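Take a look at the structures below.
What follows is chain A paired twice: with chain B in the first complex and chain C in the second.
This part shows the complex of A and B:
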């Protein structure tokens, strides 16, 4: 089970994800992102503060969203990564590809 | 000389449905904690096993969620061996390779994580049906806390990649 709460902050749509991201749960996030990524110049932030685990299907979901958003002149940011989630991004060398913030409060 | 016989063995048969990935993950987490793997390894081992399981669902079973995956966890003093057995399409070992990290695109990271996080990765396609994937992680330090395990040997982060 995964829960996604959507809010607005400084012009960003903030998707706060609660749960563990794997092959079973990532389609829910993909669906939520796909709908929002269609808009031109969309700015989407994913708050991972309440995510303790992510696998490659989760990373693929975020890469796919980033590529769609870039095509439409939009942006994606990730916030609140736990140490273990951040480690997965680092090992895949995706920490330099995504804009990563300590918290959604840092979104400008 | 590595021990040939595990101190403990755990067998688990799991449906090939993604909803049970969390079950596999929970078992791996608990066993790793029980063996006193360093905390930094636990998530990595769970991720490697889950990526292997995911590949079985996707490629060996072609997303047929009604099959079975057998996990055999062999707990040694100095290492954890996880064998994942499927009964689907055989793996073509020559085709298994991670994507280049600079080629940023969705997919292709599962095999990379498996090889990155585990000390030994071996595919056995000799069974009549399906494939057996053997993953091994050595304890970096400390001992196994499982009942009757005694004092642990030290794997010392031994790296012996076979595939």
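This part shows the complex of A and C:
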């Protein structure tokens, strides 16, 4: 099970995810992202503070959102990555592709 | 992570595994080695649940996979990745489709997401941009790497390798070995590698187990195995023709099979 809370901060839509992101839960995040990513110049931040595990389907979900956002001139950012979650991004060499912040308070 | 207790398996009355005890710890690379017919492939097939033991138990995270139903086994197997000896790619599918296969089989992920995952996995094995090639258009070493990308498609906790260097030249074998070590360390994967190739075994193992006549006769770090005083172990790692390992299984058995007496 996964919980996604949506809030607004400094012009960003912040999606705070709570739970493990895997084959079963990543489609829920994808659904939440799909509508928002279509909007022109959308700014979406994913807060992963409460995420202890992410698999490749989670990475792919964020990459797809980034592709869609870029088409409309939007942006994506990731916040609050634990060491293990950050490691998954690093292994797939995706840590340099995403804007990564320590916390959603750093969104500008 | 995996504990094997007193595993016994017989085929046609012949004992292939005669009381295997082995522990594989989370995150380690365990190499299972031994000569042809020592039972190492049979042991591997038990570990992944293809064979059921006659006796003993195989505990995966504390649960005995030998007693599981097929449905329970399927759920456990999703945590396993297996690299088969030949790579076992489907020749009618492209490289990308081969890697996508377990994702299509075991998940309801959208096609776009699967395509991205395939790209990530191919990058991990150094084959970015190869997804549209057919298996017949790539070398044996590349096929193994595609097989490895497929084995890790579902982010497994454990990857089993069956003779990863079989049929490859020494340089390609070294490349595959490095990849096994890299993936294990980077992804924190537990690796179980069955091989009879000593160079590879010493290169990749955190610990090694040597099988002989269906029993584990030595377990230890590469240094401990190298320093083993067991003459069977020494003969195997030096590849010597002379020693305690008999060339023929049993002349008695041979004569009996021919003459019936």
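Everything that follows uses one rule, which is that the second predicted complex is superposed on the first by the 108 of 108 C-alpha atoms of A that agree within 3 Å, B and C clash if a C-alpha of one lies under 4 Å from a C-alpha of the other, contacts with A are read in each partner's own complex, and residues count from 1 in each chain.
The rule we apply is simple: contacts are C-beta pairs under 8 Å (C-beta built on N, C-alpha and C of every residue); 3 or more make two chains touch, one makes a residue touch a chain.
Computed from a prediction, not measured in an experiment: that's the story for all the values here.
After superposition onto chain A, the partners chain B and chain C occupy overlapping space and clash.
Shared-chain residue A:107: touches no atom of chain B or chain C. Measured by the number of chain A residues touched, the leading partner among chain B and chain C is B.
Of the two partner chains, neither chain B nor chain C is touched by A:13. In the superposition on chain A, contact of A:97 is made with chain B only, not with chain C.
Legend: residue contacts after superposition of the two complexes on their common chain; A:60 is shown touching both chain B and chain C.
In the superposed model, A:4 makes contact with neither chain B nor chain C. Looking at chain A, you'll find residues 23, 55-57, 59-61, 63-64, 91-94 touch chain B in one structure and chain C in the other. If you check the complex, the residues on chain A that touch chain C are 23, 26-27, 30, 55-57, 59-61, 63-64, 91-94. The touching residues of chain C, counted against chain A in their complex, run 106-110, 112-114, 116-117, 120-121, 123-124, 153-155, 186-187. For chain A in complex with chain B, the residues that touch the partner chain are 20, 22-24, 53, 55-57, 59-61, 63-64, 67, 84, 87-88, 91-94, 97. Of all residues in chain B, only 17-19, 21-22, 25, 40, 43-44, 46-47, 50-51, 54, 57, 101-102, 104-107, 109-110, 112-113, 116 touch chain A in the complex they form.
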